[in-house]
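Going by the order they are written in, the chains are A, B, C and D; count residues from 1 in each one.
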């Protein structure tokens, strides 16, 4: 019973099926096919505004490429100290930006706050001797499975604007937050001040497909050239674009996210006092201790420690395709433990 | 009737079908799944030697990442002046190497020769003021649809070794050359002195899957870190590795290549004196002139000019899935033109 | 009365005079002159071991170029959170390394300690997803004007070795520490485990001359190419090498440092309880408060706030050429304030 | 008798003397001193227009840093195939631009022409797959000791503008061309369409001082940050700025250049038919053959072969401080040889 990560999940039938549907004839390549050409329109409908949308195959590429358009080589991106771009991408943003820097900022529940970010920005001494503030990056859902509320994003964006910083969002689990919040996609993106969004689909049912959605379209040409130059412009682009189209259509994204979120909530309730953060997406962080971890592992549950094995803390991620029996067993094991 | 490129082709049923076969359960991610773990063994069998094989989704990534392991930031890679890495990748090798340089070398039929490359290497004045020779890169099949013979590769590799250069091969159409030559994979790779091979599958039936095959395994760890850092380590790795496994199994690669090559040869024969280079893979270069191009386009054939519209030269690429009717019609049109 | 920094100082007569001495005839360029060719030997004598020594004109160049030889593009350098390489070089190490990262580590009195650095190193989770630990960088004298003792450096180096990290020293004020400690140059460099040293001369009497001294000589060729590539190989090299030769000869470095250190100690004693850190070089950090700062500024003293104007803390740097009257006046002002 | 290069020359007394003049007191650092603050004005007077002028210590730094402000990482700079930036800087422009490319263009006498450059620009197929044309770089005097006439520069600049390219000039020997041409500095810089000029002083009498002069001032802030980040912002800036001020004052630049040019012309006349290119600065290229080279070397003349020892061609550079006896002896040897 594997709760390692939602990137262990399979692809959902709607997305996998779409590959077969487009698999006919000789389609123009490098984004000039009829499916890729629909992305701007479909994402525009989804977000309720004009956008430019581009497809890449990993979240790291989506984040790094979009950040590289927002920051000069001597630029600084401010992100939560637990952010994926800071800790889990082998320095991809540094590589793509040509030597930029990510500065980690603390904040409860995995969130930047106007207080913590504001303090860091206020204390900056910017001169020719220092790297230059360029952008902030918010993660939605956060690395701790919480979700920024629309007004939290808007307030942080406004703070960023006052400091002349761009706003990027790492939305690897954007769908899970969106489903949890029940708001419109606009509410937690452009309307709240986001310039560029890494819109994840892979974790929530695609094989390998993420969109980079530009609400601020000035930097689009730079992005396109950087994407090609990085080997992230897919030649048979129809097979990645088709995944995104299927994912957006018929609320596939929502159904997958809703299922994962709902099952995660069940686990969260079963976990009781062991729960470290509110369950606002499909991830759970549980304080199990050495003994609790051992018991669950012996019972066949696979999960990652969090913050080092010694901490006794753990992360469980519920995938869109997680069997209900896995979840029921986990809930039972957690309840009996309590 | 589309002869633009083999990257307009669809995916072959064996490869597409493999995606469905692996689409069950929660598989470990980032290359730790049971399919990705087979790559070293399967490619080792294919090449008849121990190798390390890694999957990426584009040829540009395969080429740039492998070249980056072979050259320091101040290094020079020598390649044919028509090479894809020099002309068609928006400077990806420069980006990945941190500012390296590709030096184009002339040579008939798209091939480097011991004479042309030797002359360039002999004339180098290497000092602290110059960039440092680091590697050569051979393209198999070449950009002009010709194939290096095993002894040509071996002689070029020996020349490279004498100058202490690594040997890279861009094998975006490796299968087409291999089928044309009828030799073993070893004969045109490690046995002929190749250190690292970009082994293409996308153009010949996969959706998006290329292998980077290391025969010289010293630089593997550097490659793995650079791949992750570039966003080319796929999270749901099973879906790309499965493509490569299916492609290698049951001679799929050979059947697809043989079909494309054979159809291309038919076109080549029909082209008669218009044929610019020998047909040794699945590409054709035809001198059609302005009038010839116009006629064929009006007859519904899609193809690229080559060397500028003004030259009157053209490129036709026959895909593995090209309808025989397309080819018959093209042959007929070419013959009637002659 | 200017106490901003020792880089406001003039050049000492011995160093300036040396420029005239070498200013005759047409000398070979780019380091092939008779003066530059003496650097290895003279620095070897100074350090009591075989070294390779190279000259550059800024400390930022010395630090960044030497760090770039010690870390891959995906590497991490651990340094004190107040380190110049982290805060005052506009991201030079990131630029030179091709996207590496400096991780700031806390520690009292501007020093890394085995406890604080050890904790950071022990908590690392190194995988293909993380940047790779590559080196530590120690600053001697530290940014707070303190000096590492030989055994402190040796213990930190040993810790670094256990984690397979290289050891770099930023010695912009190396002479000041050396004079303060009264030990041999070897004791706080190679004998204590330092691989590469940025040996400063500019602040202590040169016009613009810093040496990069390699005790571990494996990486020298890489350094030389990176230096040229960065535009830091001076064509008329005699004029920078002559500065270093004059600086090393006849204990010029020591006399200049001794004077600055001694005057700084006088100020330190005068400061009494306002002194924030022990005076172990030529810098002083004083808690003056808003009123104290105002009084001193009105009395004609120029100095920098430290940690923001609001903190009330200040930095005074005593230069090798500081007039005694400046120092006497400052001491008097500080004593009367107390 | 050393004719290797003008970077073997000594510093002229006016420049060296200026170092002593500024060597008093504690001057503000990093360009905030009274001498550096004069650079804009003095260079503005020299060029007859408003400029921003910055000092660095090498031509490589001046060229690379200014080119980096003119080209994105995926940009192409077009330069003569013999250009220093292409052949003699170990890839510095590639490094500074983050992976840009220099494309060498042929042209007689070391000059780009509207024909050769125009052909290259016209044949470009710019798309997302190609690197993007960004700038041209002209060398004045050229690498073959010739000088662009004002109208040649203006015509090339106009061609560049039509292709939306910036114009950079590598003026390592700007003074020599200016003296030869007898025109105003404006005529061969901003008035002829140059955006940024690397204005050399080192070869013509300074110790180590080059100016980067921005006529197009939009990119100045980017330059300043890149310069600091590269370790090329000198802390004791007075000592480099003073060199430039002395060099500009009282026609020092002109006297030095005039002397070197005049002596070079004498050698050129003595060389007779061996002279390969017109002498329009202070460099001579002579076809001496193996025997001629041998004779001259045995007679005590030091010079570089040009285009490989085998070619029999040679380069002689006359420095501003070349003894007349050297020149007389060389003229005599050349005449007797003829």
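Operating definition for what follows: a contact is a pair of C-beta atoms (placed from the backbone, for glycine too) under 8 Å apart; a residue touches a chain by one contact, two chains touch by 3 or more.
Bear in mind that the values here come from a model prediction, so they are computed numbers and not experimental data.
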Chain pair with the higher count of C-beta pairs in contact (B-C, A-C): A-C
Equivalent interface to C-D, taken from B-D, A-D or A-B so that over half of the residue contact pairs match: A-B
As a test of understanding: of all chains, whose mean C-alpha position lies farthest from that of chain A? D
From the mean C-alpha coordinate of chain A to that of chain C, what's the distance rounded to whole Å? 42
Averaging only over C-alpha atoms, locate the centres of chain B and chain C and give their separation in whole Å. 50
Quick check on chain A: which residues sit in contact with 2+ other chains? 30, 73-74, 89-91, 95, 98-99, 128-129, 132, 225, 228-229, 233
Provide the residue numbers of chain D that touch chain B in the complex, in ascending order. 73-74, 87-91, 94-95, 97-101, 123, 125, 128-132, 308
How about chain C: which of its residues touch chain D in the complex? 2, 4-5, 7-11, 16, 19-20, 23-30, 56-65, 89-92, 95, 202-203, 207-208, 225, 228-236, 239-240, 319, 321-322
Residues of chain B touching chain C in their complex? 30, 72-74, 98-99, 128-129, 132, 222, 224-226, 228-229, 233
